[in-house]
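Each chain carries a letter (A, B, C and D) given by its place in the written order, and its residues are counted from 1.
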Amino acid sequence: MLKVAVVGASGYTGVELIRLLHAHPEAAVTCVTSEQSAGKRLSDVFPSARSRCDMLLENLEPVRVAEKADLIFTALPHKAAMEVVPTFLSLGKQVVDLSADYRLHDADVYGKWYEPHMNPELLPRAVYGLPEIRREEIAAADLVANPGCYPTSIILALAPLLKRGVIDPSSIIADSKSGVSGAGRSAKVDNLYCEVNDGFKAYGVGGVHRHIPEIEQELTLLAGRGVTVTFTPHLVPMNRGILSTIYCHPTSTLTPEQLLDMYNDDYDGEAFVRVLPKGVFPSTAFVRGSNFCDIGVTIDPRSGRIVIVSAIDNLVKGASGQAVQNMNILAGLPENMGLELIPIYP
Amino acid sequence: MLKVAVVGASGYTGVELIRLLHAHPEAAVTCVTSEQSAGKRLSDVFPSARSRCDMLLENLEPVRVAEKADLIFTALPHKAAMEVVPTFLSLGKQVVDLSADYRLHDADVYGKWYEPHMNPELLPRAVYGLPEIRREEIAAADLVANPGCYPTSIILALAPLLKRGVIDPSSIIADSKSGVSGAGRSAKVDNLYCEVNDGFKAYGVGGVHRHIPEIEQELTLLAGRGVTVTFTPHLVPMNRGILSTIYCHPTSTLTPEQLLDMYNDDYDGEAFVRVLPKGVFPSTAFVRGSNFCDIGVTIDPRSGRIVIVSAIDNLVKGASGQAVQNMNILAGLPENMGLELIPIYP
Amino acid sequence: MLKVAVVGASGYTGVELIRLLHAHPEAAVTCVTSEQSAGKRLSDVFPSARSRCDMLLENLEPVRVAEKADLIFTALPHKAAMEVVPTFLSLGKQVVDLSADYRLHDADVYGKWYEPHMNPELLPRAVYGLPEIRREEIAAADLVANPGCYPTSIILALAPLLKRGVIDPSSIIADSKSGVSGAGRSAKVDNLYCEVNDGFKAYGVGGVHRHIPEIEQELTLLAGRGVTVTFTPHLVPMNRGILSTIYCHPTSTLTPEQLLDMYNDDYDGEAFVRVLPKGVFPSTAFVRGSNFCDIGVTIDPRSGRIVIVSAIDNLVKGASGQAVQNMNILAGLPENMGLELIPIYP
Amino acid sequence: MLKVAVVGASGYTGVELIRLLHAHPEAAVTCVTSEQSAGKRLSDVFPSARSRCDMLLENLEPVRVAEKADLIFTALPHKAAMEVVPTFLSLGKQVVDLSADYRLHDADVYGKWYEPHMNPELLPRAVYGLPEIRREEIAAADLVANPGCYPTSIILALAPLLKRGVIDPSSIIADSKSGVSGAGRSAKVDNLYCEVNDGFKAYGVGGVHRHIPEIEQELTLLAGRGVTVTFTPHLVPMNRGILSTIYCHPTSTLTPEQLLDMYNDDYDGEAFVRVLPKGVFPSTAFVRGSNFCDIGVTIDPRSGRIVIVSAIDNLVKGASGQAVQNMNILAGLPENMGLELIPIYP
């Protein structure tokens, strides 16, 4: 039984980790922390967990946490993660970090989009934890930077095309739509029910969202040359889910069938990527609560553009589910262990 | 491995059975039927299930179904169930029927609220499948009438009081609120998104809802004397969940603590009933996707009335989860097997 | 043209006043205040109002406000209202106060449910502003205490029965359900989108909600003897609307037709109360954005109880619309002026 | 007083016309028709209208309708409109047609996307009713083809750029998101509450939506040369609203300020187009129930692309509000008469 700690358990990704790990046959949660709710039970903060996980939330004392667990999930805001991850590593622990702190390889880029990095020397040691792309590297790592939700939906959607060099890397536009849980559980007027319900808006328009450097880093690595994207996130009145609609130009004429062949070739053996049949496109409703990434692809014959639509649950494949998938890889367990749930519908 | 069939798999309770059984370690779904979607795959009708359950939906031929399964879930509309259940029984199969057809002990009452019963001789054989009340009878049965969603939320909320005779049985009012999945998946203008979203209404006002005879039958059995209830259902703009707010008069003065003691005494060993601490009341959000029934109870000191609030997921404890719980009992498996999921939140 | 001020314009009732007054042919908003957003434009705080109402939000300086307006709406939290209303009155202004501060006739009751009253001498001067009940008194007043949202839905639903003495005043149970805008626009985790969406809960269970003394005061006056109610509020995942389901016992046998006759007799001339035909019950969706109160009533023949269902838009008939209705009465304008909008559907 | 008929009043655009016309000081609805609900009152079909519009819905007999009205709104499905519009015109009536039947100038294009046109000779007579673009032509017409909802949001967003020739017309991508009322009020499983709620999906992916020829026709006219767009519609779990996020390449370097100047120059005198300040982007929530089109625009400095975001209420500026605006123009009334409502928020 793998002993795991969830550091930062009072947020939505924290409780989602608890939910998924509770259903995992080989992992036991031995420690949960929360700065703001220390001393309460997890089930006081999330009554959904009552009688399933009534553990006490502790203050985050890294050494104590490390004593209790073999593997540590850090579900903290950026900056807070890099304050504690070095300690966990120095004590020989494996870390799956759900923050942005170790996703970027270049500390300068991190500094530009976030703030000065506190331990840039760890960046080369961190592996970007998208298993469908870097399974082997993850298996060999002790620090996995769990991808962002938007990036996951975009990178998986573009990888088959970029790897094959069949699209113009300067033509990529990602128009993404997210449920509200992506904004976290902190009290802000903008995220009140009445502000969000029955409305729809764009935000971070014009290339300012912090997921952009992460997206471009990974697409650039896949393409083997520089990729710049236009990325616009939107807020959907729903709890969970991200759907990305992605546009790009092929470098030569392609049919929908040829495109689907590329996706099927790449993803056929993957437990969590479902390439949809021709003419079928995903809905976030069909991945709700699951670790799936559903992808549909076609050509717009009138403009010649490729249109790819991908859908994930932002809290699962976009965060905690992918983190458990990475845990499985790190621990040498079957990658899909504990994650084979059918999405909850409706 | 227990072989089970889901008859009527193209409705919401059908696909919820598939979801729960997929996560069950000792049950294998060997047959799924649907009159309206026969020939399609389950995952064509519910894309959520793609790659997890791609079985072909068959026409409902009872003998063929019985050949494939040891236990059969009938997730059919009322009347359709009693057309096939006798065949399953005659072939020695165990049946958990999710329709209303075998819930009422009295064929005349059934005839009054529904239509003439086609096999009233089976009614004495059927056990009302509320495990917290009739666990032993269920274990000995071959026909379990899975309770309705509203009745489950109301009977579990009142049982501790009625068994003890501490309330006036003529004083019961159940004001219940349901998510929209209770209305099923058929195309009706009333259930269109725009008709339901951002609104709230009562329906079946004035004692006309078909769950009333079922509620009164079970409450009468618990009380040992006739119980008549005032029951008003309402429609909430949400997918899943039932919350019942129940009012009644104590026959003598009681404190909230005394009330809670009664509930805790009855439900402490129950895997799926969570009695909430004093001053805490349930939300459907905290049982979403789970087999829990959460109950809070207090006294209104100003009027002297008892107020009980209970919450379930109508598709789980109110239908398919309870059906799996009954299956576990019938099959001699641990009652909570496959059902210990943490509710999905948010 | 009547010059009016909206004091506390940065909340939901404030902007709803602005919306309704903008459509009013005889009222002009001359001053808007907000403590937290002073210096911003109203349309910065509520972009919906852009180009329709771009007035600057001012700090609340009562004398300055009074210089600009003939009638003042105080849309403030309780306590904040009673700090400024005396000044407005002393300067000869008419006040429609949307807070709870002047609704209760008895300062001791106010003190028990809220806090010590700062100007109890004004309580006899204030009129409870439910026009269907106290039209003449309102017309003669200079201080109107605009009713609470829950009380409006409950008092209008019970008035015809209590006035006629045909129900047992100790038998009243009001099970009410409200949209989320009733909770205001302040940042609280409980009101975040993800906490509310797709869930339903009771709150204030057991006779603790502050609207209870207001409900009982008015019902007692209508009945001519003491009325105690059991009241349970609930939170519905929708922006606007309150639906109250009310149960009581008739003192003698009544038919649904007799009940409807009472309601029609009382409300036939009323512009904003719609008594629904036999067998029809209201939905909040059908009053959205309007000043209507829809009421349906019947007898549950099995229990003999009367069941009344009423629906309002909590921000209109439950707050700002009723305030404008009161303004019309105070100003000697036709009572329905500016309020005859058809509800917005869907 | 202008006498108007609403043909096809039992759909969502029909009842929205009734709502808006009820608030219009110079228009009186004299006739409402509905094939499926003839003989019922409008308020039976839409209880929101009770006591405001209780007119009887009539069968559609064009000559009788024409006898009662000066101007006729045809809120019918495509094909049904072109069966009756010629009669109205031949009887000298003005027609505002909300269907697609007269939007396309080329009968062959209509035939390709819809079906053979029944009266192509009327196409040159019809004016595409986007007042901000064709105000003078509308004023001189007797047949106004009211624009589609998606096209309205896209054309208004692109007109300032295309008129000035500052973008590459082959670079346009419109990623649009619509509320569910756009799908109408017919009973379909896909539009059931549970199928839509808490989910998000694309549909009509790959250049197949019927609004495409309409969008391209108008953009081509604005640009003075052929425009082909990539257009992807999506379904948002909300009742009302369309938000379009539009991407295109400038033909030379432009700053956000230069872009905003173009939009402000074009739209400053417009009553219903609100150009938002730099860095501010629209939400459908802020135009709900109103005839506004809100537009925000910027440059993505990283990719050099222009990003335009526009928001309308699909039932108002996207249908019935624009139809009333056209009615005002046809009737020589002030264009904003009856349409100056502040959006309803929240």
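Note that contacts are C-beta pairs under 8 Å (C-beta built on N, C-alpha and C of every residue); 3 or more make two chains touch, one makes a residue touch a chain.
If you're wondering where the values come from, they're calculated on a predicted model, not measured in any experiment.
The chain with its CA mean position farthest from that of chain A is C. Among the pairs A-C and A-B, the greater number of C-beta contacts is found at A-B. Centre-to-centre spacing of chain B and chain C amounts to 38 Å, using the average Cα coordinate of each chain.
With each centre defined as the average position of its C-alpha atoms, the distance from chain A to chain C rounds to 46 Å. We define each chain's centre as the mean of its Cα atoms; on that basis chain A and chain B are separated by 36 Å. Counting partner chains per residue, chain B has residues 12, 181, 194-195, 197-198, 237-240, 283, 285-286, 288, 346 touching two or more of them. Interface of chain B with chain C (complex): residues 170, 173, 175, 177, 179, 194-195, 197-203, 205-207, 212, 228-230, 232, 234, 236-241, 243, 245, 247, 256, 281-286, 288, 296, 298-303, 305, 307, 309, 311, 346.
Within the complex formed with chain C, the chain D residues making contact are 12, 15, 18-19, 22-23, 46-53, 181, 197-198, 239-240, 274, 276, 280, 283, 285-290, 294, 340-346. Residue ranges on chain B touching chain D, taken from their complex, read 12, 180-181, 185-189, 191-198, 237-239.
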